[in-house]
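Have a look at the structure below, then the notes.
Each chain carries a letter (A, B, C and D) given by its place in the written order, and its residues are counted from 1.
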Amino acid sequence: MIAPTKCQTSESITTSTAALIAVGKEFYQRNWVLGTSGNFSVLLNRDPFELLVTESGVHKGRLAPQNFLTVDSTAGVISGAGKPSAETLIHLSILAHRDAGCILHTHSVWSTFLTDLHSESDGLEIEGYEMLKGLSNVSTHEHSEWIPIVANSQNYYDLSLQTNEILNANPGIHAILLRRHGMYTWGKDILEAMRHVEVLEFLFEVMGRKQSCAGNSR
Amino acid sequence: MIAPTKCQTSESITTSTAALIAVGKEFYQRNWVLGTSGNFSVLLNRDPFELLVTESGVHKGRLAPQNFLTVDSTAGVISGAGKPSAETLIHLSILAHRDAGCILHTHSVWSTFLTDLHSESDGLEIEGYEMLKGLSNVSTHEHSEWIPIVANSQNYYDLSLQTNEILNANPGIHAILLRRHGMYTWGKDILEAMRHVEVLEFLFEVMGRKQSCAGNSR
Amino acid sequence: MIAPTKCQTSESITTSTAALIAVGKEFYQRNWVLGTSGNFSVLLNRDPFELLVTESGVHKGRLAPQNFLTVDSTAGVISGAGKPSAETLIHLSILAHRDAGCILHTHSVWSTFLTDLHSESDGLEIEGYEMLKGLSNVSTHEHSEWIPIVANSQNYYDLSLQTNEILNANPGIHAILLRRHGMYTWGKDILEAMRHVEVLEFLFEVMGRKQSCAGNSR
Amino acid sequence: MIAPTKCQTSESITTSTAALIAVGKEFYQRNWVLGTSGNFSVLLNRDPFELLVTESGVHKGRLAPQNFLTVDSTAGVISGAGKPSAETLIHLSILAHRDAGCILHTHSVWSTFLTDLHSESDGLEIEGYEMLKGLSNVSTHEHSEWIPIVANSQNYYDLSLQTNEILNANPGIHAILLRRHGMYTWGKDILEAMRHVEVLEFLFEVMGRKQSCAGNSR
């Protein structure tokens, strides 16, 4: 059902690595990958499956080419040293259900704050903002975007199963939030995934400021 | 009634393009054009009318010379590839009513937040701040600036008609806000338009913080 | 009574100009001199009196050597083109009462917000913060700093007279706030004045956030 | 009981100095060492004890090699001009109780705000955030981190005695807060200490925003 992602497969490891290093620097400046938080991947080839992914435990603002590995569809290492990101299973789950070429996981103050505030809710509804048009296939601010919130866990296999369910049940979503943890979003290529990060982090800040406001807190 | 804008017409496309690329980078750093939000234009010539405008759907922090087109007074493309910004009609409406040489549309968290908070109001009154003196023809902090808020729409023709009405009815205004969308401001040249953006975004943040404050929320 | 400022008088115009250009860039990045707000001066010589001061109406993030003038103790232009900052009289008033070598005027969101919030008060008391030790001659966090707030005005002669009175009445102060306008601070040289700006803007943000906080608003 | 820190002792003064200069620049951009706040140290050798530490009263965003000294375990100067940071005794206290190679003291708005807000409490509990996993030896977000808050003082000998007590009583902690002053954290090397700063400052911002929020203030 899902066609091979053509635009990405021809991108070499070198090009994608350089692009993700730049993404890391930009996101670090924006406070979206502090500490060793965050992880990124680019689908190099769908068949045979080969995914470029950041190494576990490294700083995303100071990535070097040796901080990248390639893995197969079962997270088995094809090339590179070190351990792939502990959350690679979530990346694989997204790629199994979406025709995506790049997955970016950020960990911002506002997404942490919002999912903490909505601690009883299983998602966040964002509606009526022009910025939503920056999401793929959204053409009006009247769009209502549902962003599921999943309870955080250190059992990544479990999280990947939940991701499967959520992606099956919500065909139109562009992102998933882990509570008090951060966001996963994706795009057909690195630029689209970055755009989704910018759009959603902007909206999280707007929502966060709105809900912090005394006269409007809900 | 409106005289040709002399200082701008002699600026070449190359110079204006380079200046708008720099504006985009600066505004991106300041979170005013995240995703693909925002659009910019410079009036190259009033008669015959020629407007330099950013391409639709591109990232304003990474503009390249090929992301600019020139259009005539009916938004018809004179030169350049791609589609001009979907909001070009609003730029044309402003230029038809103001002796401006540059129009900048930003999309900040604070303008989105404020127009969302004032969801029943048709404008924002800002009064008593020294920063207001950064607006052209304002010489005292005692100035009261009215910033009309227009309901957002995907019908840009409609928005341009509303812009016409607002500009006719409010001769002294320096900007227009679109609700949950962002701001349009203009100036006789790029530097003045940039100054207006900085002045107004500063004031939106002050107003936003003031109205978020428990003891002052309205 | 006030001795000539030795360390500054030997600094050439060129060196001081370059240093103030760098200050402007840094402060612009920090949102302290948006639009054309802010102005800076360095005392080149006390006798005969010669003050280097920024030109009126220019952007402080993009200062060039031609945006500086030198004036005498009556604000008369000694060298340079353009008009000296409209607020030069306040600089002169400070120099007449303090043994300062550099005066920096910033215009931040937090100082604007705070002086707006305390709209009935003639000053701000800041006490108990370690950061206060960054102010000259303050050696303990138990220090209580009084920062007078003056009503804003476009009559700079009047403001300079008020500045005289305040400086006479408050020998220990390090800064003066203009309501909904910004801060004046000074130091024996550029580095000390910059340090005072950083210290006070930090404290304004802490105070602003504290007073925005529902449980603590006053 | 505490083994010599091997990875650090081989780092030369030159390398560590260059690394701390870079830390200072990064932290200054992030507003964590404004004014002359903050101080940094690197353990060069445990036996004989030699600690590289920043000079007292210098700006951490503009450190130069001459702003560093080395001291022995009694804070006696081994090499370098000027005075070592006034808070060197606290660094020595931490090194006497922890197998650390680097100590970083930051002074942020959010840590100042939070310790001010919790003015009656002797510590801050942070629990349930994924970001906690960026702290050494923490492997789950379910971790609860206790961060002791010590009353600020200008008597550094006294503060170092309190630090001794706290470190003895709380074997698992990663940082200590001084009220209305800032944070001390440490790591086996500069990178780990920086990571701890990023992780904790992120969490302070989340906690600060949460507790500023009307619906959640405590």
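In this text, a residue touches a chain if its C-beta (ideal position, glycine included) is under 8 Å from a C-beta of that chain, and two chains touch if they have at least 3 such contacts.
A quick note: this is a predicted structure, and the numbers were derived from the prediction, not measured.
J.: Determine, using the mean of C-alpha atoms as each chain's centre, which chain is farthest from chain D.
T.: Greatest centre separation from chain D goes to chain B.
J.: Cα centroid separation between chain A and chain D, in whole Å?
T.: Centres of chain A and chain D (C-alpha means) sit 32 Å apart.
J.: Report the inter-chain centroid distance for chain A and chain C in whole angstrom, where each centroid is the mean of the CA atoms.
T.: 45
J.: At which residue positions does chain D touch at least two other chains?
T.: Counting only residues that touch two or more other chains, chain D contributes 212-214.
J.: Counting only chain pairs that touch, give me the topology of the graph as line, ring, star, complete or other.
T.: Looks like a ring, each chain touching just two neighbours.
J.: If you look only at chain A, which of its residues touch chain B in the complex?
T.: 128-131, 134, 139-142, 191, 195, 198-199, 201-202, 205-206, 209-210, 212-216
J.: Spell out the part of chain C that touches chain B in their complex, as residue ranges.
T.: 31, 34-37, 59, 107, 109, 112-113, 116-117, 152, 154, 178, 180-182, 208, 211-214, 217-218
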